[in-house]
Each structure stands twice: as C-alpha cells, then as structure tokens.
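Presented sequentially are two complexes of chain A, the first with chain B as partner and the second with chain C.
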Partner chain A sequence: MNDMSALHAVSATPATHAGLDLARIRAEFPILRQRIHGKPLVYLDNAASVQKPKAVIDAISACYSGYYANIHRGVHLLSERSTLAYEGAREKVRAFLNAASTQEIIFTRNATESINLVASSFGGSVVKAGDEIVITGMEHHSNIVPWQMLCQRTGATLKVVPFTDAGELILEEYERFLSSGRVKIVAVVHLSNALGTLNPVKAMIDSAHARGIPVLVDGAQSVPHLTVDVRELDCDFYAFSAHKIYGPSGVGVLYGKQALLEAMPPYQGGGDMISLVTFEKTEYADLPNKFEAGTPSIADVIGLGAALDWLNAIGLNAVAAHEHELLEYATAQLQDIPGLRIIGTARDKAALASFTLQGVHPHDIGTILDRDGVAIRAGHHCAQPVMQHYGVPATARASFAVYNTRDEVDALVKALYKVKELFA
Partner chain B sequence: MSDMRDLYQEVILDHNKRPRNFRIIAEPTHTANGLNPLCGDRVSVFLDIQEGVIRDIAFQGAGCAISSASASLMTEALKGKKVDDVGPLFDAFHTVVTSDSECPHGLGKLSVLAGVRDYPSRVKCATLAWHAVRAALEEHQQPVATE
Partner chain C sequence: MTLLKPDVGLAEETGTPVAVSARSIEATIATFVKAFAMLDDWNDRYRYLIDLGRRLPHFPEEWRTKSNQLRGCQSQVWIVGIRSADRLCFRAVSDAAIVSGLIGLLLAVYNGRQAEEILTTSPEFLNALGLYEHLSPSRGNGLYALVQFIRRFARAETA
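Right after this comes the complex of A and B.
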C-alpha cells in the first residue's frame, strides 16, 4: 500500500490483484447496470444486504417455473424434485461450512432466528437463575436481545466483554468472565458489522471449551468474506443469513453440533417436525426436521444453494483477497479526508469501513452520497452499544462485496469531498 | 450539487451549525422527548406556557442537519405563539414537507424545509421536533382537562 500511484494505475483494468475478472463478475448482477439519480450505481451497503447474481435469480425462477411443489410429503414427481433440490441445498451448506453431517444444518428465516432458536431451545433448557451468559460489547442487536430475553425469563445474568477504542475485544476480561464457573454459553460475533473487526473466535472457543462452555458464533457478516470451517473452529453453533452471501432474503442457517441439537427441545411446533402426532402425545422428527416446523422458504433455500455454488466457483480466497485490497485502498483514501474519523481500527479487519465526518451527521452524508449514486449505510447499524462506546449517535459505513471496484471507492471519496464542501 | 442545495439551503446549514434556542429551560411547564428509533435522532423540547401563550421554547438533542435545523426553526416560529396555533402550524408544515402542493401561507422561514418532500426517508427528521412538541402539549393538557 506504499505506492498509491501504482494502485491508481491498476484501477483502470478489470482484473484485480486477486485475479478476478471484475467486469465479468459485475455483468452477472443485473441490478448493478442501473443509474441512480442519473449516476452509475455504486452499491456500498453490502453489509446490510448484498445484491444477487443472475445464477441465484435464475435458480429461484427455475424452481417456481419448472418443478415447484411442497417438500417431504408428496409422492408426485414435482414434490420429489423439489425435495431433492431443497435437500441438495442443505448438502451444499454442509460442504460450505465443512460440517460433519447435513443433520447439523437447520434452515431458518435468517441469522436472527437462528440465534433465537438457540437462545430459546438450548438456553431455555440449560440456563437457570444465577447462571451467566457471555456476549461481547460489539454484538449486533440480534445477538444481544435474544440473550437478554433469556436472562429475563430465567434470572440469569448477561456478561459483556468490553473492547478497546481500536475495536478489539479485551480478552483478559473474557477469560475473567469464563472463570466464574457460572457461564452456560458464550455468544460472539465473528466479524463486527459496525466496526469490521474480525474477532479471534478460534482462541475464544478453545478457552470456553477448556471449561466445558459451548459457544455460538454469529457469522452473519463473516461467511461472505472468509472461509469458515466449523469443525476446525470447533464452534457449537454457527448462524448466518443467506441474503448477505448473495442468496435471497428470508433464509437463514443454523449449524449446530449433532449431540447438542439432539438434546435440545424443538423451537416451534407444527408440521414437518413430527414423526407421530396423537392428541395425547407427539413424537418429534429426527434432525434436522425437528427444528424446521412448517413449510420453509423452499425456492429461497434452493437459491442459497445456487449462491454458494456461484461463490465457490469464484473462490472465497480470491474474494477475500480482492475485498482486503479494496478495504486497504479505501482506508488510505478515507484517512486523507480532513475531519474524517474511522471507527474501528482493529488489526484484523474485513470488508467494511465505518466512519464519521466532523460537523456532518451520517444521515446527511448518506443523503448527499445517494444523489451521486453512492449507496452507503448511515445509522447505528443495529449496534447501539458500539455507538455509545465511541460517543457517536451513528456512523456512515461503506461495505464491500466481490463486485466492488477501486473506481467505486474513488466515487465514494469524491462524493465525501462534496459533502465537506456543502457543509463547510 | 445544485439539487443538493435545494435540500440543504443556506438557512438550514446555518441553523444546523448554530441552532437557536439550543438550551434547557430549567422549569418548563411542558416537556417531552422525541426519538427516531430507526436512525437514533433524539430531541428534547421544553416549553414555558403562560395563559395559553408560548413564552419560551428551547430544545436539546443530537440529530442530522435536517432534524437540528427543523427543531431550531420551529422554536423561532413558535415563540410567542398561542398554544392553539401550534396544531394548524404543524399541519401546514407537514403539508409542506410531504406534498407537492403549493406552500401554505404564513409559514415564514419554515418553508425552507420544503425540499424535504423530495426525500421521503428524511420527512421523519424534519417533523421529529414537532411531534415532540405535540406530545408535550397533549401530555400536560390531558390532566388539566380532567380537573
């Protein structure tokens, strides 16, 4: 990153250092072709939700127009084909996470529901009054509120691992919490959506396991940006959303170790999750169906499978390298803007830059950038405790996906100078 | 940039930078907090109402330029007004920031916020302080009415 002029020179060519053909990749996203307020769309709100490649849109369309029917029940051909495609997507997710078995892959609505499932089912049966639940100060609300609700129901206490001004967890405090002997579960975010911090979850899991404490990892942000191997991590639960990994909205994944999932009571009751129902008694279905009550979002699950195929074909390592390069390029340029403060400067960061601009509220930044076609997120990012730590009501956030280019970073920076000019 | 000036007019930028009546009234007769839970903007309004007239009005809070300037302009517009005039003025202001119709008369400087109508996601910023004032008035009028 020392020679910025060299980086500028590269930006005109479609191939990246990571060897990606960005022009070809961008052509696969129909939405990126449009103009916003007369300007080319520069979509940098990927941490909120990422755009969809044609392969995913086509897979969903092919399901509805070719072989759609309900799954797990029909003897007719369409139902068999839908079931095959749906269960095929489960195998794709298993392989993507390197889980031991498809029985460990539960489809939910989103990462939030995955976490709620664990808090409700596992937490509800294991956590008692006087117990403790450890989370961190940089969690998304979806990994705070379900645990708070569990604490309210059970009389347990929430312990929050603090973080430094750079945005790195204070692991000494984490160890201190673990040593109380009362901790029943740890829930930690893999990649912070508000700060971009990549947390040392492997070391945190090892520490917890040394004391027999299970760990849930919130992987909503991490899965599109880095290779996750749940067996190598040895995490007990891993949650993510399809819509952040080029798949459709409305589908989430919960990975759970088989022994834990088998011991847990069902989360919701209904069809598909039973093996026998009489009015006296119900026998629950085996994994994973026990946790999939009711008709799921069949076509969208199949769409998630297509998204993973698409991402695998590009290669997650190449994606990560490209995004890392973009983040370094953006960080260097943003730091040069007078009055701009980057929120979250951890050594291990990925995929996004959160920032404030002196004298300008992030919402005003967002509105002005939008008029230049640049879409960013402005707000508290569903992580209000993080905002409180830095004493800011909100931040602006530019977040990257595989299809973003250096030219788009340049457009962001140029638009930010316009903001400064207007508010001078 | 020119169309950005339609939203961020000089008066708005000025009131954002130097908000008027940005203080606390120690013993307000009416007060309320406004919160935009989605974006985190918050405003507290304080009113000193004597014999149906707003003798003093002030606000505190943190928000975007639109919400800060709107709160500041609102305090200027409401100071000295009768309580009964607040509702009609809010209605007229709401019309200005949400519809394409002609600016109602009598809004004065408040009409600089008319550009908000082209930014539907920002209407709530422009009206936050007004909602807080209405809440402050309703909260305290109800007990009065029951006595």
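Right after this comes the complex of A and C.
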C-alpha cells in the first residue's frame, strides 16, 4: 500500500458487506485525516480509547458556547437548559441499555469508578469475613483491584474462574465456586480487552441468580460492539465508559437495579447527593443523585448522549457485522505471518486481535508500526493475570472500530512483515 | 568502587572499572546525530538501534531483581548505578530491543561522567535524533523512569 492512495480507495468502494458507507463515516472523524510520521493514520488502538465523531465534539462545544451552567441548582435559564440536556443524556443511556428507569443510570468518571462504587457501597455493606467474591481470570485490573481491596477490608476471599488456552472461561469451575454458598457477588467481564473473548454472561447471570447471587458485568469493551439489553441479561449492575463508545473521556456509566441501588449507602458525600444537611444529620437525595456527589462532567455527559445518538443512527448491528468481518479478515491474514501467535482464539470473539511475534518484543512491534502510521497497543493491557496465563510479558493488540477498513488491516499486516524483516 | 544501588544481592566490589569517557558529551551526541543523518530511513535507524542494544554490556541475570527494575507497562527495564571515584556509571537492559538500543544511546552519553555533567545534560538531546518522544511518560517503556533514575542518582552525588 502506497501512502494515501490505498486508503483513499475506500471512497471507490463505499459500502461494506454490512452496508456501511465507510468513506462517509470516516469523514466524520476529524482526527483520522492526519498523517503520522508522514503516513496516513491507521488507528487500531480502539479498545484503549476510540476516536470521536464531529457530532460529539460539536455537542460538547455547543454546550460550553451556548447554554453551559451548573445543573440541578439554578433558577436561571442556562441552568435549566443545562439540566435538561444532562438529564436528556441520562434518558439516552437508559434507552441504549433498555433499563427500566433513569433512576437506574448513574454517571461516574469511568467504568473503573462504576465498579469501585459497587465494590465500596454494595460490597462494603453486604460482604463480610468468610464470604466469597467471584471474578474471572480474564478481568481488567479495574475489575480485580476494587474486589481485592474489598476482600482486604472485610476478610472475604476472591475466587477466580480460570480459562482455557483458547481464552474461554471454564464454566464448570464457575458453577463449582457458586455452589459454595458463600458467594456474595459475581463480577465478570463481558468482552475481554486482552483476548477479545465474548463471555456467556447471560448463562452466568442465570446460574448466579438461581442461587440468589447478584452479578456485575464489566461492559467497558462490549458496549461499542454489541447491543446490550440489561433487562434481557437481567444483570444487577453494568458498568461502562463513554470514551470507548465514541463519547468523551471523563464520563462513565453505572447501571444498577433500582432496588439494589436504593438499599446501598452513598459512595461519596458532597453537593447534589443530599436533600437536607444539618450538622447532626444528612438526608440523602433520591436516585440517581444519591450517587452523583459534586458537580459532574456536565458537557461530557451531554457528549455521551450525542455519541449514543450518533451510534444509534448507524445501527449497532451494522457496526457489529462490519467489525466481525474486519476481525475475520485480519485473523486470516495474521495467521499467515510465520511466527505470529494469536492470543485468544475463543469461538465467540469480537473487535480485537491480540498477538505475539516470535523473537520480537511487542513494544518493538508497536514502535516500528508507529513509524508507518499504524497505532496499536503493546503491553499487558491492564490484564497482567492474562499475560501470566500465556507466559508472555505483553502482547500486541489491534482493535477495531466502525471506521476501520480492510485497507487498514492490509497496512497493519504489511507493517508486521516489515517488523519481521528488521528482526530477521 | 561502590555500588550505591542496589543495596541487596550484590557485592560491594564488582571489579569492573568505570572508564572515564574518552569523548565529551557534545562529541558523543554529535556522533549519533551524524550516524542517524547518514541512515536513509527509519528502518535503517531502527536496525542501528537494535544493533546498539545488542552491544550493551552484559547485564547479569542476578541483577534482574525487583529492586533494580523500573516501571514500564509495555517493556521492562533494569538498571544499576555504579560510582567510581568522581565518575558515575550505569548498567541497564530492557526486554525490548529498540528500548535496549535507546538505553545504549543514553548510556553512551551519560556513562563515565561526573554528576554535574549528567545534571546539566538534558535528555532532550534525543530531539536531534527524532527520538525524544520515546522518553514520554505515556510510552510506558521504562525510559522515562531510566532518565529519572540517572538524574536522581547524580543528584544524590552532588547533595
């Protein structure tokens, strides 16, 4: 592929099999137009954070330049307009997840904070010494450390569901853990950021519920790639970040079933989460405000709402079909590279390919690819236990978003052959 | 010769003399700038760096301890600082080839110098080679921490 020419060829073949007009979609992302080290940017680090369409950038800008004020407080027009837009975004998130009520949608800083909120508030009030918390071996550190901290505080034990070399959870072990009678909560990742495995969360939730155990699903990776219906899943908590779903960084979402959220104590204290404060006693606000202490990232929440509108207009099914096609195309080509090993070969996979190249450190792969304008992630992906399972310090990872093209996969593969040549 | 770090697992004397660098810092940097300019493209420059990394002095396995390890989430770096009379010397290695090459560059500049010389030589000289971005904390390759280590070590000498 020769610089811009091949990427521009996208315009000549506008529609994917999924029926997406990629040239038009790409044109909505200002950042994708640039060159990196003189080469067209091939952005394949979407699992770390995805780029933002103009609709999102404009929505944030429109808030700050047109109607910004603090929310839930002012009697003046700007505050009312800001509050309406902010609460409008909450309704968009509710609809996106098909939650029953906006009271079940809590805005946080990111998926990590959403999980910490549950570990601290729900876990802190329910988990006692001798209890058990079940997670899996393929969790992101964000869905490990908060539970470890809870175990340290309470004297509970962390039980870790192992996975096979293909990267699939060993569900027999999961069932065995559940049957101990001591499990107080299950926390499981929907789509693994290090392996690409799509976990059978619906079946896992049903199993846990059969024993009265609530389940938190870490949906940070899954929401931009597949339709999530929290009522169909029947999960008790679902956490994700705006920045991985075409929204701004700095905003996360926690969905929680209303009855659970109502029973939980507040996570942080401060403004906006109270209904009455005296020095003797404070009465807390109703949901969802009880869990939103302090001024939130108002414009960014509005930006998340715009991101969901934008994604809905394209259609998540079309996005998923396109990304699936890219993943299959990439996997076939990567497998042909001598010495390349794909880490994570589960039957149900989405959106990313993690790999190692014999004799080459992933960091070197990432460095050399960068000079060709190809941005990938090299590292432990904040999932060190996964790296330990495969006996590698790190992997290289190419992850896809709706705007990626087959030509970009070709650019990745070509650059990988160059890496091999350099280290030959 | 005194080993200031690590404080465990190593003999006080290694028997390895710390050579006083024959070339000035400026001349060493100029050599690299010239070498880079002569190389046509980044492939060749990376080849040069990979080669430089392969020629790093041996870093004994027993020095690869946790206390000698610098934090980097993408690649790992181990470093040991050595003082001989008024000269400072560093031995370091990475599990990534290009990072090892960059270590070779940095150590060629900083090794065998007096603490003051080290402190007055900013790693920004890598700018002239188009490599300064590798020192960004976001790279996670341990080089940022390596430079911090070298400077901290030198500062401790002047304190």
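Here, the second predicted complex is superposed on the first by the 412 of 424 C-alpha atoms of A that agree within 3 Å, B and C clash if a C-alpha of one lies under 4 Å from a C-alpha of the other, contacts with A are read in each partner's own complex, and residues count from 1 in each chain.
Criterion: contacts are C-beta pairs under 8 Å (C-beta built on N, C-alpha and C of every residue); 3 or more make two chains touch, one makes a residue touch a chain.
Just so you know, these numbers come straight off a predicted model, no measurement behind them.
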When chain B and chain C are modelled together on chain A, clash or fit: clash
Touched partner set for A:363, first chain B, second chain C, both or neither: both
Touched partner set for A:387, first chain B, second chain C, both or neither: first
Chain B versus chain C as contact partner of A:414, first or second or both or neither: neither
First, second, both or neither for A:33, with chain B first and chain C second: neither
Chain B and chain C contact sites that coincide on chain A, given as residue numbers: 360-364, 367-368, 371, 378-380, 393-394, 418, 421-423
Complex contacts: residues of chain C adjacent to chain A: 42-43, 46-47, 50, 73-76, 95-99, 134, 140-141
Chain A residues touching chain C - in the complex, by the definition given at the top: 37, 360-364, 366-368, 371, 378-380, 382, 393-394, 418, 421-423
Complex contacts: residues of chain A adjacent to chain B: 359-364, 367-368, 371, 378-380, 384, 387, 393-394, 418, 421-423
Touch list for chain B against partner chain A, complex: 1, 3-5, 7-8, 13, 17, 38-42, 62-66, 68, 119, 121-122, 125
